[in-house]
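Two complexes follow with chain A in common, the first pairing it with chain B and the second with chain C.
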Partner chain A sequence: MEEKRSNSAGGVGGMVLFALIGFVGALVVGWVIFPKLLYSEKTQPIRFSHTVHAQLGIDCEQCHHLGPDGRFAGLPTTESCAECHGEETGDNSPNGKEIDKFVKDYVKTGAQVPWLVYQYQPDNVFFSHAAHKGFECTKCHPDVAKTDTPPTYYQNRVSGYSKDTMKMWECERCHASMGTSNACYVCHK
Partner chain B sequence: MSGHSKEFPITWGMVIDIDKCTGCGACMASCQTENNIEPQPEASNKLRSTSWMLVYELTNDKAFPDHDIAFLPRPCQQCGNPPCVSVCPVVATDKNEDGGIVSQVYPRCIGCRYCVAACPYHVRYFGWYDPVWPEGMEKTLSPLTSVRPRGVVEKCSFCHHRWNLAKDAARASGKNPDNLDDGAYVTACVQNCPSGALSFGDLKNPKHKVHELIKNPNAFRLLQRLGTNTQVYYISRREWVRKLGDNYLKSE
Partner chain C sequence: MGLDRRAFLGLVAGGAVGTMFTPIPWKLLDDVSIWTQNWSWIPRVPKGQIDYVTTTSKLCPAGEGLKIMRVAGNPISAAGNPDHPLSRGGVSALARSEVYMLYSPARVKSPMKKSGKGFEPITWEQAMLEMADKLGAAKGAVACVSGDGTGTVNELLSAFVGKLGAAGYFMMPSEAATAAKAVKLMGGKGQAGYDFENADTVLVLGADIFETWGTSTRNRKAFGDSRPVGQKPKSDYIYVGPTRNNTAAVCDQWIPAATADLGVVALGIAWHLLRAGATSAAPGFDTFKAVVNGGFGPEDVKRATGIAPEVLAGVAKALASAKAPLVVTGSPCGQGLGAAPVIAGMSLNLLLGRVNKPGGVYALPELATVVPGAMTREAMLAGDLPAFLKGVADGKTPAPKALLVYDANPAYGLPETATMAKALEKIPYKVSFSSFLDETAAMCDLVLPNSLTLERYDDLATPYGSGFCVYSLTVPYQKPVHDTRTTGDVILTLARKMSVDLKFDNFLQVLKEKVATLAKASGGFVAKDVMPWQVAAGKPAPALAGGDLWKALTSGYAWTMVGQVQATLGFAPEVLAKAIKAGKAPEKAVVLAPYAQLRTGTPTTGIPCQDLTTVPDTELIGESTFVRLNSATAKALGVKKGATVKLTAGGASCEAKVHIFESVMTGVVSAPLGFGHSAFDVFSKGKGANYLSLLSVVEEPGTGLSTWAAADVKIA
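For the complex of A and B:
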């Protein structure tokens, strides 16, 4: 009888241990392994330092502005970057080398930089920057002004979208709290 | 039925003067390009092809001296009381937006085609084929309208992306996006109609031309007695054309 009892006590302890291992295992799979499988990591073609430019006193809107018809111009073209970075610097510092790489690969060839945009919306979304002008950029975008190296771009291997793309429930939650319509055609096209 | 009609402060509407329409089809062609409708694999098969805007030929069925024809362009009528919305099991189509445009959300549509059967105006189209653009023609695709896959229902949206653009332009120039000027937002078919048969605007805004046009005694709406309360009006000075707009009995 006594032996049996100790056996059953050991069984409970073993079960608790197994449950714990299973629980931790599930956490590791869910938080570490699955995201690694789902998202591929990409780096920007040029290590653009927003910090350096922000420290020079350049506002977000100087490079990322609205067009005259209210459409968002998005990222600056190679030509507008070349207004300052038209020639190779010959500088051997890490930043100087990056500028030279940009000048050599893009300004001299006239190609556009294939920047990875963290917040691109799917094809069927119409997002108006003009309508959201009253908000701080960082309300939706990562505060890149504080990043010397652009953050890693995580691409969903299934959908092809960026991990940082705003989800529909996030748009809807803010619209609801602002009293803005959540009708389909307000955002969809 | 008409008692449930939804009312909106802005009501986008189209007025089509049938007597001015020459049947040239510019509205149909401009609609296809504006809204990314692929070249139809079998355009002569009317049960399997898509045309958000369609020009019908009307005739008075009389012999030569009295013979007469007319052309009737037919976009989505944007009913105030849409029969398609109440039958949709997944709320892929709805009339809940300011402006009164009946929306259609393709990723949500399950392709059951209840709405196709319910629409009395035949404005809804089912995608029977995968959309394919011949090589080189994909360059004509517009980024302003999303492309539909095979197996969902689509219809005229009054080019509502142009409304979004017009609102953005108004915001950029410091104007009120909720009180657009007449002509700031027009659909592709209206813009491209060479004979001026099509007009577009806010039916409730006295500054818009259509506000006056719908008061014309020759103005009528299609199948008005169904109580669909449509936002598309037709004008014809010919009585036989107006009579074709609804199912009149011989005694009427």
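For the complex of A and C:
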């Protein structure tokens, strides 16, 4: 009988202890391990140095411009880049090698570089850069102009989107703070 | 203290509770919902550099210049080209479909040969060998039907067929053919061109000028320019026709009149003009005056059409007092009108002194042919396809041994469709060059798919209705989506195999020769800073730098020329006297008045898939189409809104639902064309009825032309 009571009392205490362990363990898994498992890490096909180009006095808009009708031209094509980097340099410096890799793999083959875009929105979102041109690029985008090596691209293994893709609540919060409509049709046509 | 059952349960419970305080469930739920957007069958928005290129629509009869948006080099959407004189930024529903029709499920994906009741794919080489063999055996009895009213490919086809021994070269029926016949009967030459841009009062007799007639996109732009928002309109448009269609709806006045009475209305207006002192030096004026005064007085016209004398007197006054009046005549459904009403309408232009004047009607010269042995457009338009096929069906005309069908669908797009199909069945060897598997292609022995507009070089020369000569090019901006070829190239390859000399090696050479010929033509210029209607109004035409013409045309600009054929147009009163009578009282029978819309495509395109969504459910619901009657007609017939009725005429019948619509004149039932396909794809096949089958071909007295724009119909 005594042993039974002891077991019972120890069992409850043990259960609470293990429950606590489970609780804390779940928190550790959820907040520390899960985010690392959820995203795969990818690097850009070409180590493009924004710093080098910014130091040459090239503005963001020279490569990422709005078209005459307000459409965002997105990323420059291989042909645009080839206007300056049409031939291999033979330079053995890290930057020279990267330029030669670009020329060999893309300029010579006529292929487009499969750049990993950090903030592509889903297709059901109509986002107009023209409507947001009053803002600094860095209000929404990482300040890549100061990077010599592009940041790591974290891809969500489930949704397939970049970790940096702006969520709807972020759009809504900014719209609300600016007094802009948050009606569905503003972004979803 | 080991991990016993209770401890394990505690661990699990603690873990479960703890998990609720982490992002795991919430983030995964969110990500899974986003993951569902990535399923492979959901279309993706293409990403890449956006740019624009220009071309010309060949699917749309209005011939607009197009501005194509591309993403990463792939065409995405079509809009109007602001620099093109037939578009000026405007675009029709059909021209807008040029991009997405590339991926239409109805496209013929490779050459195909008839096999039993279906088709089997074959190679181009096999197709060429078979066609060379069959056409060689059919020499002397090869016919051709073309639906392309503006392309130089007609020159190749007509020269090729001519050198094989033509049994006939026919264009699909069009307003152009009717007008050409009218101009010829009036002793004139050239193609009638209407200068809407400089006109201030326009009387439209039947023609649906803002929908299917001629250069409809350009017509709409000219109309819009003369009616600036918030300002007093600078023009006055009056529409005469059986329904308040898309044209009548925006005109200043709609005068209800049956299609068969359009000629009577025109001569009734002429009576008022003559009474007010109008005169003309054109041949036949005195006889014309006698014909009009003898049978088209106000009471005659009222008895025949129901139009009050003061209404036509008002129209005559508006025309006579205008600085630049213009009269345009055409079929409310875009086909089947006789030449006599066009002559009557043109006679008003003569009375008003509006021929070859700014804001009037021009006799436009035809552009020179470049392929040796090619027929002129005038000669091509002289063929009467419905009469020919009816003769073949009845056994009165020998059936050709072989038929080539280019950009045409005569098994669907002609009146008396059952008779026409019977005639086609009598022709032992048929080849279609259709891009889509239409009703005619389905009957053919061989289908050799033509590449679509964005996949081929082609051209467009002065579509009917244009007020000036115009020429523009289409440029291939992508590789053919399927195993298709440009028909011009196919004909040239075939001609070489059959030792038929057509002078050129490929179709691009033909077009370059055509452009080189235009560069030498005097008076031509590239419409850029100066538009042709400005030149017509007196502005000097800019000089043409010949060497740059090809570059300009492939950059989306159009070559234009303002000028007229030197030939005297007369009144043709004998034709009018035979063909137009105002003596009959209005009949009690209900008259079928079809109408056409570009959003339901043409017989060669079927209904463009995206445009189907714009068809209202008062026109098509499920698999039923609606006919429109006003409440008075419905009451007289004892039919109610939404009722299913059977329309019978000419030995054929069609079902329809009833839509009560007060924009249809009493005694008329208005039916949409473009439905009732038995071929194409899910967007066209089995949708409603083809009301063309109810229309009978009737020979017009005095002109001999086949007509079918309206028919008495029984409704039960």
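Details
Keep in mind that, in the parts below, the second predicted complex is superposed on the first by the 160 of 189 C-alpha atoms of A that agree within 3 Å, B and C clash if a C-alpha of one lies under 4 Å from a C-alpha of the other, contacts with A are read in each partner's own complex, and residues count from 1 in each chain.
Here, a residue touches a chain if its C-beta (ideal position, glycine included) is under 8 Å from a C-beta of that chain, and two chains touch if they have at least 3 such contacts.
Please read all numbers here as calculations on a predicted model, not as lab measurements.
When both complexes are overlaid on chain A, the residue A:181 reaches chain B alone and has no touch with chain C.
Comparing chain C and chain B on the residues of chain A they touch gives the larger count to C. When both complexes are overlaid on chain A, the residue A:56 reaches neither chain B nor chain C. Of the two partner chains placed by the overlay, only chain B lies in contact with A:189; chain C stays clear of it. When the two complexes are overlaid on their common chain A, residue A:130 makes contact with chain B while staying clear of chain C. In the superposed pair of complexes, A:66 makes contact with chain B only, with no contact to chain C.
When the two complexes are laid over each other on chain A, chain A has residues 67, 71, 123-124 in contact with both chain B and chain C.
Interface residues of chain B facing chain A in the complex, by the touch rule stated above, are 94, 96-99, 101, 103, 105-107, 144-147, 157, 160-161, 164-165, 167-173, 177. Residue ranges of chain A in contact with chain C, taken from their complex: 10-12, 14-27, 29-31, 34-35, 38, 67, 71-77, 80, 112, 117, 120, 122-124, 156, 158-161.
Only residues 1, 3-4, 6-19, 21-24, 27-28, 30-32, 34-35, 37-38, 42-45, 47-50, 72 of chain C touch chain A when the two sit together in their complex.
Remark: chain A residues 66-71, 123-124, 126, 128, 130-131, 133, 181, 183-186, 188-189 touch chain B in the complex.
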